[in-house]
C-alpha cells in the first residue's frame, strides 16, 4: 500500500467513525426527551461526559498497554488493574476508618488512591513479567486470577467494614454508567487531561516501542524509562475510569482490536483516535439504544462483557496469540 | 494371524497408507522397516484399532478390529505407540499394573501382581518401581511403558519404535526378550524399527514399506541385500555377513 | 498409607465437631451430654448446625473429586468446574428453570442444571478442538472466559426478569442458610462421588490418553461421557444448594497429586477427605473472623483459592500438564 493511499484511507475511516460517533452523541442527547430542554441537556450532558471520559481512557490505555507489552490480547483490565483499584479504594477505607476519610478532601483522597494504585501496579507488572513473561497464556491466566483475588479481597474487606450491609458486596461486579457524581467527573477529567499532556510529550516513541524492546533500544529510546512512564500514565487512566464507573473487563480489548482491524496501519496516529472514536460510538450508541429503545438502564456493561468475552475467545482461537 | 486387506488411509491429500494387503502369520517376530513417512506407524495403529482405516479391513484371529469389542481385543493384542505423553502422575508399578486392566478391570488378583512383578523384572525396573513417571529419564520411562504392554500378556504384541530412547544394553535386552517370547511362548511380535541391523538380527520376517506401500517382504536373508535396501531407503548400502547375521553398513 | 488416611479422617472429624459448636447461639457439648441443654440449643444443633456441617462435608468432598475427574479426563492440571464454564452453565440452567418452570421439584431443577452444565463443558471441548496451538494454561484461560460470557448472558436475562438477587445468591458459596430440609440433595452428590470411586480405574486409564485407554480395551469416549456427567451432576447439586466455592476443585486435587500421584483408586479418598477438611476449615474461619457476623465460605475461598492457584500455575505451569 502506498503511503499516500494509506493516509487517505486512514483519513476516510476516521472521518466516518467521527460522523458515526457524533450521530451517537446527538441521538443520546435528544432522543425521547421530554420536558424542559435545559434540564434534559444538563442531566444527559453529565452522563455523556462520563461515557466519553471512560471511552477515551479505556481506548487510550488499552492501545498503549498493548504497545508496551507487545501483544494484542493483554489489556490492563485483563491484568486485574481495575479490580486492584477497587481493592485499594476499599483497603484505604478499611485502614483509615470511614470517619477519618470524611475529614479528607475527596479530591485529595482520589489523588492518594491513584498514587497508591500506580505504585502497586508497577510492582505487580514487574513481578508478573519477571515470573511469567515468557508465556503470554500464563501471563493472561495469572492476570485474570489476580483480578479474581482482588475482587474477593474487596468483598472480604467490605464485609469486615460493614457486616450488616450485604448489598455492597455484589453491586460493583459490573460497571454502572449512571452513578457518577459531578465532582468526581470533574476530578477525573482533570486527571485525564494531565495524563494526556504527559502522553503527548511521549507520543513520538509509541511507534518505535511497538517494534519491540531490542529495536527500540537500538533506535535510541530509553526503553525501561519510557515504558515505565507510559505504564504509570496508563494506570492513572485505568484508575480514572474505574473510579467513574467500576471495572469493565473486556471493553478495551474489543475497541483496540476493532481499531487495528479498520485502520490500514498499526501507526498510533491512526489507531489511537480510531480506538477512541469506536469506544465513544459503542458506549454512547449502546447506551442510547439500550436506554431509549429497549428501556434498559444498567445492562450496557453486561452486553459489553458478553461481546468482549466472545471477541476474546475468537482472537485466541484465531491463533494470533502466542 | 493378522490379516490386512486393502487398507488405505489419507490425511488431507496425502495418502499415508496406500492399499496395503498383508498377512502376518501367528508366532514369530516381524519387523516393519522403511524411510520416514512410509506409513509404518499408521499401519500399525490401524491394525491395533487406534486409528480407523479409510477403506479396507484388518482382522486378528478372524476378528475384525473395527467391529470387535475393544476390551475383547485388549486381551488378545497390545500396542505401544511412540511418543507417549502421560500427564497423569503415576508411579511405575501402578502404570505397569494397568497392563492388567483388560483382565482384572481394576481389581487386581494375586496372579495379576505376579505378572506385574515379572514385567518389572524383565524391564530391569525393580529399583524404579516406586518412582513417579515424571521423575524418570526418557529411556526409563520407555521401559516402563514396554513393561506395561508386556504385562498385558497378549498373544499379539505391536510395538512402534520400541528402541526409542533406550541405551544399547537395554535395547539389545529388549530384543532378546521379544525373541524369546516369540520362540518359547509362541507370541506374535510386530515391531516398527529404524535400525535395519536390529531387524536383521532378531526378526523372522522383515517387511519393507515405502510411500504407503509394502515393497518387500521376506526373511532377513532375502530382504537384506544392497539392491533391496537402497531401493527402499534411497541411499547406498553394503551388506556383510558377520557371525551368521546380515549386517548393513551405509557409511560409504 | 491406611493409617495416615485414618488420621486425616480423624482430623476432619474434629473439624466437623468444632463446626457443630461454633456459632451465634450457644450450644455446649457438656450441656448436651448432661442432658441440661435448652430445647432451643437442641433445635439449633439439629436444624442448623448438623445440616450445615454435613453440607460442608458433602459439598467439599464432591467438588474436590469433581476437580480430579475433570483433570484426568481433560488431561490438564488446571481445569475444574469453576475454570471450565461448568459452574456458570449450571447456574444458567437454574435461571431457565426459575423463568420457565419455577414449580419444579428441587431434584428436577438439579437435573436441568446438570444438563446445562454438561452442555457447557462440551462447548468448551468443542472450542478447544479449534485451537491450533494448545498450551496447558490455555484450557483454563478459555474456560474462564467462556464462564464470563455465560455469566454476562445470565445476568442480562436475570436483569430482564428481575431475578438478579436470586442469581447472585447462587454465586456466594454461603452455608449459613443451610437448614434441615434444604440441603438433602447434596446426598445425591455424595452418591455420585461414591460412584466415581467405584469407577476410579476407568478414569485413571482415561487419564493416560486415548491410545493407552483404547489399547487397554477401555471405551474412551464412554468413560469421558460418564466422568463429565458425574461432574455436571455433582456441580449442579452444589450450585442449587449452596452456591460455589472457587477453585476448591483445583487446590485439593493438585496437592494430592503432588504428594501421592494420580492412581485414583488410591488417591480419591484423600481428595474427598481433603476437600471436606478445606471447606470445613474455611467455613470456620468465616464464622470466627468477625463474630457475631459471618463471612461466606465462598469469600474466604475466593481469597485462598486464587492465591493457591497462582502458586500452582507459576510453579507447576511451565513444567507439568
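When the chains are written out, they are named A, B and C in that same order, and each has its own residue count from 1.
To be clear about the criterion, a residue touches a chain if its C-beta (ideal position, glycine included) is under 8 Å from a C-beta of that chain, and two chains touch if they have at least 3 such contacts.
Computed from a predicted structure; not experimentally measured.
K.L.:
Of all the chains shown, whose C-alpha centre falls nearest the centre of every protein C-alpha atom combined?
P.N.:
Per-chain C-alpha centroids ranked by distance to the global centroid put C first.
K.L.:
Taking mean CA positions as centres, which chain lies farthest from chain C?
P.N.:
B
K.L.:
Could you put a whole-Å number on the gap between the CA centroids of chain B and chain C?
P.N.:
Each chain reduced to its C-alpha mean, chain B and chain C end up 43 Å apart.
K.L.:
How big is the gap, in whole Å, between where the Cα atoms of chain A centre and where those of chain B centre?
P.N.:
58
K.L.:
I'd like to verify one number: the distance from the centre of chain A to the centre of chain C, where each centre is the average of its C-alpha atoms, in whole angstrom.
P.N.:
Distance between chain centres: 34 Å.
K.L.:
So in the complex, the part of chain B that touches chain C is made up of which residues?
P.N.:
Checking each residue of chain B against chain C gives 45, 48-50, 69-75, 78-81, 84-91, 94-95, 98-99, 101-102, 105-106, 132, 134, 149, 152.
K.L.:
Note which residues of chain C are touching chain B in the complex, please.
P.N.:
That would be residues 72, 75-77, 200-202, 204-205, 207-212, 214-219, 257-258, 261-263, 265-266, 320-321 of chain C.
K.L.:
What residues on chain A touch chain C, complex-wise?
P.N.:
Listed in rising order, the residues are 131-132, 135, 137-138, 140-142, 144-146, 148-149, 151-153, 155-156, 159-160, 163-164, 170, 174, 249-250, 296, 298-299, 302-303, 305-306, 309-310, 312-313, 316-317, 319, 322.
K.L.:
Can you list the chain C residues touching chain A in their complex?
P.N.:
Against chain A, the touching part of chain C is residues 78, 127, 130-133, 135, 137-138, 140-142, 144-146, 148-149, 151-153, 155-156, 159-160, 168, 171, 246, 289-290, 293, 295, 299-300, 302-303, 305-307, 309-310, 313-314, 317-318.
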